[in-house]
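Note sheet for the following structure.
Here the chain labels run A, B and C in written order, and each chain numbers its own residues starting at 1.
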Amino acid sequence: MNIVQPILKTENLRVEFRSKDAPGGVKVALQGLNLAVFPGEVFGFLGPNGAGKTTTMNVLLGFVNATAGDAFLFGENVREPIARQRIGYLPELTYYYKFLTAEELLRFYARIFNIPKAEREKRIDAVLKLVELDHARKRQIKTYSKGMQQRAGLAQALINNPDLLILDEPTSGLDPIGRMKVREIIQRLKNEGKTVFFSSHELGEVETICDRVAILHQGELKREGRVADIVREYNCDLEQAFLRIIGFMPQAADSALVSKAA
Amino acid sequence: MSAPILSFVLLAVSCFSLATWVGPRFESQERRRGEGVLGNMLGDSRKLFADHFFTRSDVYFHSGYYPSMFDKVKLKENHLAAGAKTEKCEHDHAHEGPCDHDHGHQETKLEPKAQKHSEAEHVHGEHCNHGEEETDFLGKPKDYFDGFSRNFFVTKHTHLTEKGTNAAREILPWIKLAAQLDPRKVESYTVGAFWLRDLKRDAEAEQFLREGLRHNPESHEILLELGRGYVARHDYERARNVLEMAFRRWREQENSKPVEEQNRFAAGQILNNLVLVEDRLGHRDQAVSWLGIVRKISPYPEEIDKRIAEVRAGQPFEAQ
Amino acid sequence: MNTIHAIAIVVLKEMIRRKDFYVLFILTALITLLMGSINIFNDASIAGYLKELALLLVWISSLVMAITTTARQLHAEKELRTIFPLLAKPVSRAQLLLGKFAGCWIACGVSLFVFYLFLGIVAASREHSLDVGAYTVAFLLHWGALAVVVAMALLGSVVFAAPSSNGTICFIVAVGILVLARHLNTVALQMDGVMGKITYAIYYLLPRLDWAFSVRQFLIFHDPMPGFAVWAQALLFYGSYSALLILAAWLLFRRRALTT
């Protein structure tokens, strides 16, 4: 029997930062996080602000070193650059080299992935068409609107045809049309068998498109599982379930919900 | 009174007050404008720059082979040490008899006077009596890096004149700059004119010296150089007029000084040229008269007597 | 290698599309041409002072370019957050540093080549001859020295938070080395005790940028340049020193946390 290996895995991940305000001068951003994301699923990474979502992503992407524990992408330790060969990353705030055109930016990133020249140009054309930036490909990024910059960011995340896409709040700051387009792209990637790992505060969207979610609070993993299972367990929508899991829902409101359901 | 009229009156009053404050300052600016843009920009520090650029011309004359300020400090310390050694040696002489090291350090005793003209002489191309130390201020390499570094800068004592005809023109921009920055620096004009004449640019040399005279009307050095130029062009009448003026200037400035402080070397040069000019013009008596004055100031009067006898005998006089 | 090459090309593109180089070149050219138009006793063939001035301006411009271009690289990447999508790719921090170094050094080389070309044209117009070999050696040594300056600024950009402080300190150190390094041993020998030993140690530890700076004299006074063995050793020294500085930068940078 073939056991499917997780495409993204963390083992007892612990991250501490030095902080003047924290007791003992150390702030614990993540406490023993164990996470697993499997191929082909759309995985939502949820939590209130300061929960540790960004820290987790920073460790996965090699920006920050874990104090203890390990993280793996495609079986490779995230400390090795090769672990990032098959991923695409879209940061929340999209800033790229303003003096480059979109085409030059994609060509730059494509070279980093060692994509052969012929295939490189095809990929650039395909990705620019996908994010609808074909008409502006020769303009410098400093002339782009915010929406166009966001799409350029999505384009660079897709340039290497990644098997795993890590998106940090992909719909943040977008208008409804932009959000719809991002959802469509995520759905398309899922249909192609890609894995998507993203964080978001838009729980309505998460409920619609995610297969599984993990809910983080104060550096601890509170709940991980299928969206349908969580919704069924708490007998409410994902947003309500989220609030209860992180302990935001007061007791009286909790019982009112139960009686309402009954 | 309405607000606009009041504002106008207040404005007029403040303008008038400002004018009384700005006026005198503007007038003093007008006076200073005579010193030129550089003078206004740099103020008194332009003299420092002028000295620096004049030294730069000497650096160029030596094709870059020149002691840095650190080398000069080292040289000064060595000279002081040598001076002390010489004095000790003489003291030993007096009490114990001859010592066994050489007396090349005797030059240090002559230094104060020699240094007064050594710079001009040096740039004039005449070799001064530098001790071996000064022409080889680098010395032996102090370490490996020092030795290797010497591949990257000039380490041979050469003169621009050895690099071909007209190579010496490269020093002229620095001399011109020094003269512009400090028009009262006489050496700029005399040295510049010397090299301009060497480069066969007599007209420019004369123009430069006349410019120097405008700023330094009392300078006998500039007049001497002008006279030399006329002598070189065989214009002896003009040369005589200028050289006589030079000697008059010299007397005005130097006669009041004690004998040991007088610049007799300069007087000797002026008088030698006057003797030459008079000799060429056929005025032997006048030439002998000038030689008589030279005899009074020369440390070698018997040599001058020989020259007087030669002139009287009709032999052509050669200036030294 | 592809990654380093790609990062270097981006740095080069940035230099071409920014105005810095053009401003410096135009300033240098203007000042040189202005000084060249001065009448020096009606002699149009005097070239020494012009070469000296032009070479000084080239050195100042090249130092400004090298230091300002390099000092802002990592800081701008962090400030503008472009470092995150970059390091999210299979790029190691060593490759990032090497790519930035290569890009800045090549950018300096390109601009230096233009400066020396201009200088050669100006000199040839006055002297009616040009020793291409001598200019080539001077250019190579200058470019080698700039490698050390770029590496120093790169290390500074890891150590110092602001590019302005990094730039200032690098400039002071570079100019200090150019002017004083050769004489530091003389100064050390005149000092007593521990201070003399410390000064001598500094003398040995300093990168000798003054070697490249001093060969200007050979260009000005038409003296023969050092032989191949000598300047090759100097270039090797500059390369080794640059490698050491980049290694130090990498050791500091590799564990530094970058938070989004």
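Criterion: a residue touches a chain if its C-beta (ideal position, glycine included) is under 8 Å from a C-beta of that chain, and two chains touch if they have at least 3 such contacts.
Computed from a predicted structure; not experimentally measured.
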Original post:
What chains, if any, are shared contacts of subunit B and subunit C?
Top reply: none
Original post:
Any idea which chain sits dead centre by C-alpha averages?
Top reply: C
**OP:** Starting from the Cα centroid of subunit C, hunt down the chain whose centroid lies farthest away.
**Re:** A
Subject >> Length of the line joining the C-alpha centres of subunit B and subunit C, rounded to whole Å >> reply: 40
Subject >> Cα-centroid distance, subunit A relative to subunit B, in whole angstrom >> reply: 80
Original post:
When the centre of a chain is set as the mean of its C-alpha atoms, what distance in Å lies between subunit A and subunit C?
Top reply: 43
Original post:
subunit B: which residues touch two or more other chains?
Top reply: none
Original post:
Mind pulling up the subunit B residues that touch subunit C in the complex?
Top reply: 60, 63-64, 68, 70-71, 73-74, 142-143, 145-146, 148-149, 151-154, 160, 163, 166, 169-170, 172-174, 176, 196, 199, 201, 204, 208
Original post:
Touching subunit A in the complex: which residues of subunit C?
Top reply: 2-3, 5-6, 9-10, 13-14, 17-18, 80-82, 84-92, 95, 255, 257-260
**OP:** Can you check the complex and tell me which residues of subunit C touch subunit B?
**Re:** 38, 40-43, 45-49, 182-183, 185-187, 189-190, 203-204, 208, 210-212, 214-215, 217-218, 220-223, 226, 230, 233-234
**OP:** Report the residues of subunit A in contact with subunit C in the complex, numbered from low to high.
**Re:** 17, 54-55, 57-58, 61-65, 81-85, 87, 89, 91-93, 95-100, 104, 108-109, 111-114, 153, 156-157, 160, 166, 168
